[in-house]
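Next come the structures, one after another.
There are two complexes below, and they share chain A, which is joined by chain B in the first and by chain C in the second.
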Partner chain A sequence: MTLTTPTPHQNKGRTRKSRRSPYLTALTTARGRTGLLLVLLVALAGVLAPVLSGHAPTDQSGDTLLPPLSAGHPLGTDDLGRDLLSRVLYGIRADLGIIAVAVPLGAAAGCACALLAAVHPVVDTVVQRAFDLVLAFPGLILALAVTAVLGPGRTPVIVVIAVAEIPVFGRQLRAGILVQRGREYVAAARVGGTGRARLLTRHILPNATDPLIVQLAVSLTVAVFIEGAMSFLGVGVRPPTPTLGGVLSQSMPYLSQHPNYAAGPLLAVTALVLGLSLLAEALNREVRR
Partner chain B sequence: MTAEPALLHVRDLNVEFTSPDGTPLRAVRDVSFTLRRGETLAVVGESGSGKSTTALALTRMLPGNGRIAGGEVRLDGAELTSAPEETLRAVRGSRIGMIFQDPMTSLNPVLTIGRQLDEVLRAHAPRKERGEAGEQPHRGDSHPRGTERRRREGGTTRAARRARSVELLSLVGIPEPERRLDDHPHQFSGGQRQRILIALALAGEPDLLVADEPTTALDATVQEQILDLLADLGRTTGVAVLLITHNMGVVARSCERVLVMYGGTVVEEGATRDVLTRPRHPYTAGLLAAVPRLTSPSGTRLTGIPGSPPGLELLGTAGHRGCAFAARCTVAQERCRTEVPVLVAAGAGRVACGPATDGTYTPVALPEAERIERPAPGAVVLSADGIRKTYRRGRRTFTALDDVSLTLRAGETLGIVGESGSGKSTLARVLAHAHPADAGTLRLRGDDVTRPRRRALHDVRREVQMVFQDPYASLNPRLTVGEIIAEPLIAFGLAADRDERERRVAALLGQVGLDPSAADRRPRSFSGGQRQRIGIARALAPQPAVLICDEPVSALDVSVQAQIVNLLTDLQRDLGLALVFIAHDLAVVRQVSHRIAVMHHGRIVETGPADALCESPENPYTRALLSAAPDPAVLVAA
Partner chain C sequence: MTDPSPRPSLPDAPTRRTTLRAAGGGAALLGLGLAGCRSAVSDSKSAGAGGTSDAPRRGGTLDIAINADFTPALLFTQTGQSLQNRLVFNTLTRYDDSLRPQPELATSWTYAKDGRSITLRLRDDVTYHDGRKFTADDVVFAVRNLQNPLRAAQLRATALAVSGFEKRGDHELVLKLKHPVANLFDLFEFMIITDPDSVEQAVTGKKLNGTGPFKLAKWSPGTGLSLTRNADYWQPGRPYLDRVELRVVAQAEALLSSLRTGQSQLSYDVPGKTLASLTSDGTLRTKEYAVGGGAAYLGVNTTVKPLDDPTVRHALAWAVDRERLVKQTLGGYGFASAAPWPKSSPAYTEANRTHYTYDPGKARELLKSAGHSRLDLPLLHVNTPGETANAESVQYDLKQIGVHTTLEPTDPAVSQKKLISQGMPALWVQGHGFAQVQPSTLAVSAYPFNEAKNTSKYRSEEYTAIVRKAWTGTGLSGSASRALYQEISDVLLDAAFVIDLAVRGRVETASTKLHGVTINKFAYLNLDNAYLASGS
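== the complex of A and B ==
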């Protein structure tokens, strides 16, 4: 008798709607849309740099420190007569190139460490102490140390950002794994004969990823700052290749007379960071629902 | 008393929630009731019936996305739904006190009980003076004598507040109140904490105490004491009690009147005795029949209501027509699906059911329990001998299982009963090899499987499967139902390819009474009862010989509980499964089990055939459990 009491499946449309990924839902909120728009604008500017600017970023003209809206130089020129618009656009390009490689690299390495730590308590302790070691160094000290070994350039910046992000992602995922491990469905899967590796990859990991997606957006923001700080201190990408931090650093001596010099890179960094932060916040709210 | 107007008067109360996609969902519609001073009224209903929402709406404590969409709440004539926030703050605590479900998390763990009581007394006393007498607070004024004055003093000096705290603690029956005042919450038991919460709610001297499932988290023996306390308070202090519960037994024990809610509306109201003995609404009748009775002998079928309680989304404002219960009602007529029934006077109470009002439906008396044909148990499948399990926390050890021995035969159900902390869940997990035992031996068909090697463990797990308590937490939310059920098939290599796996999953879903199309959906689109069916299908996937059910129905509504229990017994009959059925409700356990083992403090204190154990218990603890079980029929008859 009881075998013949399937309850009717109501509201199929509703179910489908609620099954939509929280990430997509987050992107449709006002916060998410604004963030996405800002990030896309900045990214597009960087990607389309050769199309948008008529000059190469290292081309020098005779006119130094031209004001904005000069003929042929919408943002003016810098102290060496280089077109500021093209320097900012190519700077964005260089920045995006660095963070888009470094952050996922750090995230992947961090997650790999966390998974390794989940295998055995001894490994866990080792990995945790290694994380502590990295975290014990402030980002800039780490940057100086890495540059001292590798010399300035693009690669050290990527390495510094990646190394700085490893413990962040590693700890995040480890916490997630610990929480999910205690859940009843994990016990159910274990009683159901699921092996340890499968338990980790099929059951625990997918349920622990939500905070990682949010962390990715946060870390991209941090990466923009690290790159900027390294270039600003002169241990980052080597001149004359423009980066946002580099252009900003070069504008410093002229800040009082020619504030427009610094305005371009500052605006770009602000828009990028604001956009990423808004995205992170939108994702966070939706994921925690 | 009779000349006095009602203390609380609720008329046509409507509450709406805004769903994430912006559409309003009506959780409570047109609820009306009154409550006199000193009266106890029970609001009973299943999950989603709107009972808690109604209670929260009284003091406008609805969560952020909820709002009162209409109606009025009058407390002593003062309208609350439109009152300013300031007025409501004065009402909360000092006029209407609240007690919540979980006594474990409702007290601040770092403050002593005395401090927490003191804070409430300090917060309420000055405001009360202002509200009551309409005068400025006279702090440091000369204190007139008499009980009326003592109340006011409560807010002034520390010593007076302490004295009042002691008084409150002794009122709720905490022994040695003066000494216990300086204890922290963790030094009290669950029942005592609920008493303290009641004391906190009484500190503001409210006229009305709203208790939302105050005993749901407590064991039966403690529940009894708390219910007695609430009933006493009504008599001694004149406070009116609004008790929200899903448990008919609780209603029978403690309340004069009862309000039955379903799908956000009141379906029946009346004196407890009338409603419980002569229910007028088919839902009330069904709910009463679904309550397992201690008197039902072993091997009988539980009665339930088909289907599951409606979700909020079903009751959306626009599309809702007809009686909310019509879809599950066995006597529903055509008009029930089109006309919304009105609550009309019937006898001494009120009922909202067309057929019941015009006499085309008369509820039948409780149906006689139907016997199940079940074959005699076969050979011993699983046996445990001297099982021990201790947990170590720091230096302290806690013995969860102490010398537990049991045997289980094929086709037999062994019921395990005990209160929280008795070790029943630990036993389930040890038997299912989710945790290892510290000492003792486990035998599966005579082979020692206490500490199996990895390969052997795999084989043991295939034979011994488990159904978990919480149908919400025990299913991986990221996987589809098909994937969840297929997991054991993959793990044990039981299906050659994808096609065969899908066929087996569909067959398993059919076996547990679900549509095969369920395989493509995720757990969240199913109700609690349906999820438990999914959990059972998963456990059946590797064709086990033993199924360990750890409180499989305690998270389910009572009308759905019968479906799951009956499903388990049918499966046992068809597949010859050996079942371990763990529960805290003796009545359910008696009906499903061949034998019962009673656990207390990690030991089995009594074991025997189900009927014999319930009718002539030998152990005093078993007797206490039996007498504490709230059974609506027995109490009303008494």
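== the complex of A and C ==
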């Protein structure tokens, strides 16, 4: 008997010349372009923080709560006389640094768990119950629990985001594996003598990754919120390092008299979250097409 | 049938235009008149509401916003939240603004000539909330209760100086002392008189049976305390208020909103730097208590190298810009000071206050002379916004002289535990009290300063000797006691194991309708004469 049914992965490879990658197609849509532009703008602001700001983010002065467009301080200063533009730009940098590490870490760990679960039903049950346990904790409760053990800082924030994302990616990939496992190409590969590990990693996994790319964009959005919330509650990155949530938290007592204090971090968070959300939506539409 | 003859025209009859004009004018006048009346009524109402001429009014509920809940286990310890102590309980005496004791449950007192005993005469018309009569036995219990180390009372050393009791009837008591004690009236102002039978229930928050103007109706952990009027209070006709609610509003922003919207009418927890936005609101007023609301300080663990070297500690003391700290993080409430004393303290002097000023050049030189150009040290602080800002400010100033610190934000309860158990790291920024009463109290009672066991682990025979002399010296002349206080200040400033930064003012933020509120030296709230003016 000869194998006549090509695997979907092989199919994809064969039609790649005639059909553009859905990811690239997603980026050419209005939604995708707008999202990408917003994310790039915010990311560039963070990356170029040392060039764009003329002050160190932790340098204090006697010039307390200067209004926007003050000499040398385009966004004004905070309650300790620190340049707000500098703090927002370095805050973006800190946030991006955290989510760029934490989300892929959570994604990798979640995928590893899903692959492990696919090996044996007993392992699957154990992994699923572990996922249930993590999901039972709301994000902030999890954050408070982790920081109660590790104390506040950058590492605990990364750990919280990564742990929160593990079941999300794990469940997503597990669903994909279950769908793909029933396909003919998998049966054919198994009949052809492909081992369990190779079957999972070389045949099933590449065909189950599309939803994960979309999930990655969604998770980056969630990570921005978790970091912001942790810093806002005072259990995030240690002061005086600025983060968007931290600057926002410090601005709260001055909202009525100095609303400009909160404007910078709010705009940056909004642009970043909106950009990532638009990207996620654009990717989702193209992947599902 | 119609009358064909033309009707003679009436020369004074108004035309339609005139009628309309008149109607319009009348309506306008009526409108203006009504508006005028309404304004008058409104003005009258607002005058009544905000006016200060109203006579005390019985009734009403006072809502107090607090940023931390009542902690029953710390009922006998001075904490950041002790407002309820003088509401539910009474003390034996209270200080006036000049630190002269005034009667409360003790009506009069006589010191023995040798300073080794004091005779107290007590009120005989006082009953507990459960109807039991207050007697001298309750005072005996109150002193013994504070001697119990489990109560963690800061004035335990003074309570321990009481070695015996001699009852002379139910309402006269002689306290016998091991040695003369200069701060006995600090103890009498600090020590709440509790019911011996229910004290164990009191420290779990189940029952608070006192003699104070309000009874405990309910304590909801995390939410606050509900108190109702004690109709049998020993001061006739007092209190005026029917209920007092102490509501926990942990977030500073929510606390501000609570005051602005009238959900609460009183708070002592508004951060100084945000007070400016409140005072612009005509419905609220602020009052700063000159007695001092504690001092912000930089604590130094003298067992951590190189902080065991006084030169390094002096460098730290010269490095901090105290004026900037007061302006930026305390909102201008309080004053920069290198010494712990508020201006109302007999130990206060301008020379002590300005002993260390901001001189980073001198600080760097001192550090260099001690053989250091860069130090890396941890700096613990409580993770509330105000304390974090203090720590950030200090951290920046220290960095300018080469002392790089890593901030360690810590939960208030953990921080307090570390303070008591001498578990602080190399440096910490916090607040201390006990400088607002007799100067010797600071050095025998406050954890950071205690000569026998302090958080900095600083020991010095000289310090102990001077403190003991000031503590046990009674009947000293004004100049002799001032000389002793100066000796304490000299040791504190020279040893620099506690580097004082600023003496904070305790700021009361209250509705303009609220009158007659006071606090004692230990921040116990007194609402005996408080009332809400009409319109509330």
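Note that the second predicted complex is superposed on the first by the 271 of 289 C-alpha atoms of A that agree within 3 Å, B and C clash if a C-alpha of one lies under 4 Å from a C-alpha of the other, contacts with A are read in each partner's own complex, and residues count from 1 in each chain.
Note that in this section contacts are C-beta pairs under 8 Å (C-beta built on N, C-alpha and C of every residue); 3 or more make two chains touch, one makes a residue touch a chain.
Remember, it's a predicted structure, so these values are computed and weren't measured experimentally.
Legend: residue contacts after superposition of the two complexes on their common chain; A:T194 is shown touching chain B, with no touch to chain C.
By the touch criterion defined above, A:L255 lies against chain C but remains apart from chain B after alignment on the C-alpha atoms of chain A.
Once chain A of one complex is fitted onto chain A of the other, the partner contacts of A:R238 are limited to chain C, with no touch recorded for chain B.
In the superposed model, more residues of chain A are touched by B than by the other of chain B and chain C. Within the superposed three-chain model, A:T155 lies out of touch with both chain B and chain C [touch as defined at top]. Of the two partner chains placed by the overlay, only chain B lies in contact with A:H203; chain C stays clear of it. Contacts of A:R183 after superposition: chain B is touched, whereas chain C is not reached. By the touch criterion stated above, chain C contacts chain A in their complex at residues 252-253, 256, 271, 273-274, 276-277, 324, 327-329, 383-385, 388-389, 391-393, 395-396, 406-409. Looking at the complex, you find that chain A touches chain B at residues 1-11, 14-15, 17-19, 183-185, 187-195, 198, 202-203, 206-207, 289. Residues 20-21, 306-308, 313-314, 327, 429, 432-434, 458, 461-462, 465-466, 468-470, 473-479, 487-488, 491-492, 510-515, 517-518, 521-522, 524-525, 527, 529-530, 535, 538-539, 541-542, 563, 566-567, 570 of chain B touch chain A in their complex.
Contact residues of chain A toward chain C in the complex are 58-60, 62, 64, 79-81, 151-152, 234-235, 238-240, 249-250, 252-257.
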